[in-house]
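First chain A sits with chain B, and in the next complex the same chain sits with chain C.
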Partner chain A sequence: MSAPAGSPATTAPATPRLAAHRVSKWFGEVIAVNDCSLTVGPGVTGLLGLNGAGKTTLFKLLSGLIEPSQGRVLLQGKRLRREVGLFRRLGFCPESDALPEWLTGREFVALMLRLMGFGRDEVRRRTEQALHDLHLAEAGGRRLGGYSKGMRQKIKLAQALAHEPDIIFLDEPLNGMDPVSRREIIELVGRLGAQGRTVLVSSHILPEIEAMTRSIILIHHGKLLAEGDVTEIRDKIHDHPTIVALSSPEARRLASFLAGQELVVGVEIDEEGRVVARTDHAVDFYRELPGWLLENELPIEEMQTMDDTLQAVFDYLVGD
Partner chain B sequence: MPGPHVAGDRPLSTPLAAFWIGLFSFREMLRRRRLIALGLVMLLPVGVTLLWRLLDNEGLISPALWLANLGGVFYVHFLVALVALAVGLSAISEQVDEGTIIYYWTRPLERSAIYLGRLLAAQTVATVLLVGSLVLCFLVIVAGNGSAVTWNFLKLYFGNCVVVAVGALVYTAIFACAGTWLKRPMLPAVLWAFGWESVGTSPAPQRIKELTIVFHLRNLIRNTEEGSRSFPNLLEELKQALLHEEPVPEWRSALVLLIVLAVATVLGILLLRRKEIFR
Partner chain C sequence: MPVYERGYKHWERSERRASPPWWVIARRGIAEPLKRRGFLLLIVLSWSPAVIKGGILYFKYKFGQLADLAGGDWTAIDAGGIYSFLKWQKYFVLILLAIVGTRLIAKDRLENGLALYFARPLTLKDYVAGKMLIILFYFFMVTLFPLYALSLFGYLVTSGQAGLDMLLLTPLRATVFCGLAGASMSLILLALSAMGLRAVFITVGWVLLYLGSEQIANILVLIEGGWMRVIDFPAQYFQAGAFLFGARTDPDFSPWVSALLLAAYTAAACWVLRRRIRPVEVVS
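Presenting the complex of A and B:
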């Protein structure tokens, strides 16, 4: 779970891909997920959606907890629900606060490891490691019924990660956590992604997702609205040109130059004296900009993309 | 770094998984508050037996007859169904309602192993409660009354224990299945256990009574020597004589109970396999 530096044994080899092929799920006449096809690869991916968008249903479909009404969810080409042994490769941290209250934290993690098939010594070692990594070693002997909300969240993470799964599902993982713990978990998630594990994080709190990853899956009204890197997705939203603010001691000259470029659809100077340019092709704009600045000897002190944020992308896509 | 004992993507073996789940479930069920209430109910026959020992100084009712009526009437007619209902109905449904079953469902476990583990734990709790209560009754019956401990009495006692245990297994399996199937199983379960099942102890035609569990349980106790003297058995013998009914052989009742146990268990497993939760 915590990766000692330079330790190849902790890197997940041949990370399996999780894929959904034309997956739909309906309940009576309500279609919760409608014909979604996607692939989740190594690294951290955020699953976003408003309440009622189908996010939770899609999350549960991908994690094998529910069966699709149509389509398939595959883990390395195998159907997840039909081969329960594949759950050995998965770690799942549910959103629900429900825990077996009468067990101690240590007993809970140990039981989960037993059910993964580990022997006694390995169960003991992994349990202590998981509790230590999530700063629960001292509380490991206390009953789960006496845990605070933050501790409950951590013990859920501990049972999800103790067996070092290749694919990890985290449903609202930062619920109830204090700021220090949130930072620790965000760093942990980042480490897991850097190890090559596939981490799917479901959350409706965009800054949390943004702190963990730039790769997202956006679902709205049961349909897949966007999938991929936030910047690339942003670049494809032509109805809302990307806004880039540049601070320069030669603002007027810079503005005049940019106004003549094909990639730029609008230029103005804001109240703070910054040159604000709008472009429909942000990726191309970023690629060309250094060359323009050098060739024309246009100095800039600072550059900021005003709406290349997850919030902006979300608002543009869902708001439309 | 050592990995799990089970290599590759094979699920944990059903017996091993059922064992671990059963062990933890048993410990969990012992902690439930309802067990205190059940424990008190289990002391009721013990108290009544104590009262009989204190009041029946002249030995109007022999220990064997007392035991036969206690086992054949109070336990089989009432207590077995009550305990099995209290323990079995929530064996699976409680974890589904609480949402904690998700932790089993995200392990490499067949759902049959999950169901069997929980069911075996519930059946163990029910059996321990019922047989434990019978043990206490036995101790009260024989305390200071060593002459009551004859071979026939012991046969009757162990026969009662076995039948009560079988009843616990069968009823718990039925209620666990009902709890898995229905969203609100309590009312149908109570109506069945204390409504329909009472047909099995009524003067109804034997063909109808054979459709109840309690009939077959009582049939297993009936054929012991002292058991045949119990009041319900006397009524049954009278009815059979009047209606020219053939008594059902013990083996047939045992087979029926075994089949019901198997069917209820398999059905429960199939229902759990199809179950989905969305919490």
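Presenting the complex of A and C:
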């Protein structure tokens, strides 16, 4: 898999980090988020969880929309709701596509920009730019009531991005979009991440997140289950060794060599003649493998990781 | 490039001063109902008592005592007459505020607009102040603004005989009264709006509070006595504000009781607003 466009940029400017310290949130008797601590840095990060896992509540806590019952959410060391000026650095795209139906797309984006504190000229310029960037310039004069689901999604993104925020919260941003728009938005999110902005994307559709980033936050039953790069998280799941399939003209010699390595816990040759190796330490395995192959003159034609996908990680951590 | 080669360029300010968020909300909310013709017609209609009173004043001073046939408050141009005019307007206040105010927060809650608002540099006070200004504007539109026009017209038509009291003091009294009553009424209506999602139910609640309490009080006054007027919601404003206009108060209970009741209603409304306005999406 090629590196996703949204991987954290190495030359990122000093984008403010968002941090949650032992955050909990109760709604009456129900605990929605339980003692979560995390830091979200520059780049794209996916927030994952089953329905009812506390994903939306954590999303709203991080975006400052609701206050935690316990703990703190800090942006640059300051509490968001106590210094509302910090919201100028935030862009928020809500999940719900209920919008003020009587406003035109242009009026809606302009209203949201005016609430950000921009003057008239700047509002006009930024509105047109945002509509243009999301291919809504022509539809900008139409009332939101007449917008399709995909267009609503885009106008929500337009209002979230028009003020060029440092930290962007996107709640299910690809809902209802056609394949072309979906691709455009995935690329857009990737570009935002590559610019060094902090983008937090919430979705329950794993391939969407996978297309945008390898960096995830996984929440389950209100608790933080995992945080970090998918491969690194996968590597730590020792109950399920990582499965790597290697195609080689010398499959038997390769299998016998790998069977003797400490990092490999099992080797077999499948029906297609590929060597299928299992390892508890995938990161070390990937690091050592090229050396082994060169030193022993073992040719390989193709290597495929069978289960360090986001889906596999999700299933292992949540589905069991 | 040398200055002389640059040519003339008209100076333009690069950035206008940004409006505060409460004003952005208020301006949008005030402009929206004005797009509807029926609503504009209602506003015009709400000015009819002022126009009629102005017409009677004109004929009284032009044609002697002929217009006295109208009698009573219609020809009075003193503070008491203005106070009566405000009382006449109370049904227009009921209707116009029901149209403008009942949906203000309910609609935002129903459409999950609160999350969009509060993801911006905006406090609860900004949000409530913006919404309150919308109601206040239309409250003034049917009470204070026609009253100003009437006071000025009365002063002019009587060639100054009505004195500065008509031109300055009475409008000032009315401004204080309408400012306080409008602020309290706006907060109470906003609280009602924040308590529901469907405008229909909130409108019913508003009508029951405003008109229902008056009708129930009318019945109970006959059975229990005059003190039962305390449950008449709009009457409390006039009872508490009567002293501003030197008008006669209801003898069965003190204006202070009305003032305290209104303070309690308003405080309860603030409490409801604080509790109900949350940027959490409503999951249906």
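The rule is simple: the second predicted complex is superposed on the first by the 306 of 320 C-alpha atoms of A that agree within 3 Å, B and C clash if a C-alpha of one lies under 4 Å from a C-alpha of the other, contacts with A are read in each partner's own complex, and residues count from 1 in each chain.
Following the convention adopted for this analysis, contacts are C-beta pairs under 8 Å (C-beta built on N, C-alpha and C of every residue); 3 or more make two chains touch, one makes a residue touch a chain.
Source: prediction; values computed, not measured.
With the C-alpha superposition on chain A as described, chain C and chain B clash in the combined arrangement.
In the superposed pair of complexes, A:120 makes contact with chain C only, with no contact to chain B. Of the two partner chains placed by the overlay, neither chain B nor chain C lies in contact with A:294.
Looking at the shared chain after the overlay, A:30 reaches neither chain B nor chain C. The intersection of chain A residues touching chain B with those touching chain C, taken from the two complexes, comprises 56, 60, 63-66, 84-88, 90-92, 94, 96, 98-100, 102, 111-112, 114-119, 121-122, 159. Note for the complex: chain C touches chain A at residues 14-19, 21, 24-25, 28, 32, 107, 110-113, 115-123, 278-281. On chain A, the positions that touch chain B within their shared complex are 9, 56-57, 60, 63-67, 78, 83-92, 94, 96, 98-100, 102-103, 111-112, 114-119, 121-122, 159, 163.
Across the complex, chain C is touched by residues 56, 60, 63-66, 84-88, 90-92, 94-96, 98-102, 111-112, 114-122, 159, 169 of chain A. Residues 1-6, 8-12, 17, 20-21, 24, 27-28, 31, 98-100, 102-111, 276-279 of chain B are the ones that touch chain A when the two sit in their complex.
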